[in-house]
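Here the chain labels run A, B, C and D in written order, and each chain numbers its own residues starting at 1.
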């Protein structure tokens, strides 16, 4: 008995009546195990840490990270200082990737459904048995000639994992490989393709721009590549090499984290961002700030977006539009970007086109500080198949054209509105296989679960999109030996191919995905002289690449592009985005935005993310309805009161948060909470606002519109306290965050360094 | 016997001067550029990962017992639509005249040779005086012995002790990284140069708002930044002499924004 | 001595009757006494012992404390009980030096109140500790931890002040009652006799012993008065040395000392009323005592109200956002505003009634006023801590504090613990000072020549 | 030698008897339930007050102990804190003030025990009635032949009861 426990027993605890209580409670902690290494593996020195480079797959940005390994356990993830996308920085979701690796709710091994579908009642099976079942099912499909009835739904993949998957699907002669994600930036890709004829998403050079118009782009939070853009934002403000400080104007109905840092906030009416952008463009042409040859053609094209009319639609005064366009044209290089906030309306893609037009008129396409055009990755261009969205899968399932569905890294039941009744469509599919590591809403419907490795345990590579002006490839290597009985994503298909034999087997001959990857890279190494420069053969190149975390070569982006009048013409919107539900019965717009810590809900099972206070509301472990204080007082709502938010398609009930940075005629809810499965940290916590949305898929891009309905608020009464970490957010004149005006800053002259 | 008296007398003369202890080895300083900080809280999660900070759950957050050593404070002034939001990351300021150091009866917190305000976990008896005296409210207390569900505890790093209940804790400027950098410098027989030590928050900050270094080394980044005309220190009027220097944010007071 | 009243207003009685009465109070205990004792012991154990054990094992998280309010109701109780303890010093030491006659029959139980409330307060130090099993680290003894203690910390001043005060008030109580223990030793039998023989140190009442007793007693009285003042100013410096806007005031030391004496005297009045009724010693504690105590209470209440107004006024006069916020939080935001104005009513307005002699000499009204003052003073200590700590410098970190059931039950437990100690005292110790009362009655002289 | 104990009810009678016996060379001790300091001083002459020195030296020793404790430990283990000097005056004075009073009280209590030779649990001449209402006068070292005169003197001054007691 340790001395401290002894002291607890003998007296401090109080009279004998308490002693019984004490004896019952004090057990000793279980003995920790020592490291029984007779011959320690070569790089395990107890107490010493080593760092390995890999790819962060928590969001689409593809930053390079270093993982600190001590005694074969991953301890900390840090940004890879050499990697051009994040240069050493890392966002909070990247830091929390370890919690997904060591999550207690991870699936331990392959599972087979036992109970009814959707009951998540599985039984453990061995890998061979599971692969036999799948192999036999796929073989049967191929024999009966219905090979195309095999569908594969995955989050966007890149690099050799995508190559393996496409070869597997084509070997199985099924064209139905659907890459779909909630925030997949399909509108950007589509607009770039139609207006400028380029597929890749360009690199927005925020670091060198002087004036930025950001239409609903929360780029320091969750949009596209937050770490790269935050680094750019930092340079734009206080870059050492810059002459003057860049200005940021945020144009969005709800003040996002980026809006909070902006110099100006323009609270435009939801859905009318495109109209505002085009009226700014029109004023630029009208006032002669744009002296291009085809100015008259642009004027006639944009004639219906005069500031006077646009002011009514966008709720922004005409003088304001004049001032914005004057500044945007006046301070070269200027940059306009359109983020998820402005694009996820029913006709959201028009705002992306409008922003391209603005950049074109300001002459900032392909210019330093503007929009730099990316060239394709080493493995050629990745084309987004706009026809293949979630809608195509659901329609095929409804018309029973799907016999087998394989899911990887995607949760459609959570991310699609209830109005799409995706659950019924999936029910029509006889055989569903999920490769997910967690039992989330969709995996609960699966008949067979083949848990793939967590990316930190697996091989692979990724081509950053958007890249930084030149192609960047990052290699993913296993950091730790697998925590559970899971297999690599590639290894599953290679094993399946060898089991099914026939055509599939020749196409995928290598016995493990590592060899497949290495041989793939060997080909690239032999094909491109750029790779082989300065290396002594492939092995040396491979070692160097694993050490650096990937391969990239600095190059001045020289590709040019321009917005064609014809392309722009197709994309012009006639009126602001349409919202379901009539104005009188449903008075408020409902705007959804990705939660800072959960993205589209995939990180809700990480305790650090649940506990991270939301940057704008500091709410943790739950959801909150952001409502303007005046609207709230009008309805008698105080903070923490339960409010029922009802749309024509459903209703959710959550606590209210009085948020001054939101328009009075709208309310906002973060996407990410409200899971019904997905582990102990995410289950039955908060609400999922996507449930009450209409199912509005944009036929052109195949993405589901998130801001597409009006709602009404019903005050349900006072609930318990809102779990938030803030006290009073007024500064009360205490000069805690001291500020100086830009004139004072200019007068300060060059700072010391 | 006279040996002891001679030692005490000699120390008596030396210790009478209040500034006796200016001769610290380093003056570790953190410079926070508020114009770069965009409130994205990457530093908060990095600190959780680096220093084995426990997750306390919704009910404890309701009782305002979050354990984060660095927090981003958000001050929102003005009504819609002229809303002005300001972020400021606040961590332990490692004051050189720290009100918490004089208050602790058992020396659980004192100013060590590194010039850091050190929190010694195993000496802490839990009288809460240091947390009450701290004007920045940056001290956190282990209200319970927090548990990590089974495989999550694999992530705990052995460099930082996991604290039991009844112990006060705060930002230590990643003292384990300072120690490791000093060991590396000693092995390579050189003195610490600027950039050897970078805490987890400064390393992970995407906008580069946090920079860390030794103020006593004139050509370090922090001493250059500390000469910037935008510098100010939090609650300077309390003369705790904090060693975190903030650089003012540039914000036009919104009169011409609409 | 025309009337047969002694100087302190008691009517004369033969010496023997005094002895009999005191021994009666110690040996004869009615059914009511046993019920009260059993009740207080059980409430003390259940309301204090068990929740405390629960808190030790689960952690301080069971209390309502959080950042930034790390000190709560435990500290308020600690100061309240230290405050009550200064009554003994006032009654027995200061009035002994000023030779006031009416202190004779009440000073012994006042001293007992001192000692027991210091004991309760000392235990609160352990209750509020985060890791009480390391309490011995705060004691300065030579150890192999190569570490002594930070003697510049107000907490260390506390450790010294309270231990010095506890030992000297214990000696003061014991020393003054040696002759009475001897008198009781001669009258009782059985285990009590062996107990008092041991306790009375073989006192025989010889002139030499009386001489040294009175000399030493004067010195104790002289020593304990400055000690009491220093103890409560040190307790106030736990708060005044901090940088919290509501606590960082120089008025705190006198404010706390006056508050201590004020709540101590109120405590004495309450105690005397209860003691007088239960032990049926109305002869000894007469209305004259209550009259004099009433005047004392009036003086102290005026002094306290002045200093309380001064504290609020200086805060208001500074007109900085820090001071204003903590004042608004204390005086205008419910639920603290109700407590604040209740405190002002009970501590300032109600005692003004004591100006009238009729009020002072009516037992019931004195009891009500003194109970009101006790409640008011507890609220004052509670408000000082709980309304200044949530309103420190950074508004983002402001969080309100409400005690949890563990803290409330331990507070109730502390009152039960105090009453348990007092009930045991009454049975094991002569609660009236026999020789002082005899002295008051007068020395039997054969010839009635003037003294 | 023999000893006689006389119990009186009136103090002035007792004092006169005591004065007379003391003048004629007998050792006189007076038992009383209440302190008779002033009356005894008038008749038998006062005593010096030695507790003074105990209290004073106790306080001085306590003060020195406090100073040594605070400054000595600070000198032994130098731990700088809060920019304060290692040897700071105010806390030292404060703690020495407390220890001075503590030692003062303790040592004067010890002084009292020494002078009153008190914690003595052996058998001594004592009568229970002295604790209640009668005043005792003990006359000792009387030669055998003088017993009679002493008893007569006591009775002469109105002693209620006169007893011979053994010298222990």
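Heads up, the rule we're going with is that a residue touches a chain if its C-beta (ideal position, glycine included) is under 8 Å from a C-beta of that chain, and two chains touch if they have at least 3 such contacts.
Keep in mind that this is a model prediction, so the values were computed, not measured.
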| item | value |
| --- | --- |
| Central chain (by mean CA position) | B |
| Of B-D and A-B, whichever chain pair has more C-beta contact pairs | A-B |
| Whole-Å gap separating subunit A and subunit D, where each centre is the average of the chain's CA atoms | 89 |
| Gap in Å, rounded to a whole number, between the CA centres of subunit D and subunit B | 62 |
| Inter-centroid spacing, subunit B versus subunit A (mean Cα positions, whole Å) | 32 |
| Where subunit B and subunit C are represented by their mean Cα positions, the distance between them in whole Å | 42 |
| For subunit C, residues contacting two or more additional chains | 134-135, 147, 149-150, 152, 156, 393-397, 399 |
| Multi-partner residues of subunit A (each touching 2 or more other chains) | 726-727, 729-731, 736 |
| Shared-contact residues (touching 2 or more other chains) in subunit B | 64, 71, 73-75, 99, 102, 104, 107, 110, 235 |
| Touch-based graph of the chains, sorted into line, ring, star, complete or other | other |
| Chain-chain contacts as defined at top | A-B, A-C, B-C, B-D, C-D |
| Subunit A-facing residues of subunit C, complex | 45-46, 48-50, 52-54, 56-57, 126, 132-135, 321-322, 325, 393-399 |
| Residues on subunit A engaged by subunit B in the complex (per definition of touch) | 47, 68, 70, 73-79, 86, 88-92, 94-96, 98-99, 102-104, 106, 220-221, 226-227, 230-231, 233-235, 237-238, 245, 255, 257-261, 263-267, 317, 320, 483, 596, 607-613, 615-616, 618, 620-622, 628-630, 660-664, 680, 685, 720-721, 723-727, 729-731, 736-742, 745, 748, 751-753 |
| Touching residues on subunit C, where the partner in the complex is subunit B | 58-61, 64-68, 70-71, 128-131, 134-135, 137-138, 147, 149-150, 152-156, 159, 238, 241-244, 389, 392-397, 399 |
| Touching residues on subunit C, where the partner in the complex is subunit D | 14-16, 19, 140, 146-152, 156-157, 160-161, 163-164, 167-168, 171-172, 175, 178-179, 182-183, 185-187, 197-198, 201-216, 219-220, 223-224, 226-227, 230, 234, 434-435, 438-439, 443-447, 449 |
| Complex contacts: residues of subunit B adjacent to subunit D | 7-8, 11-12, 15-21, 95-102, 104, 107, 109-111, 241 |
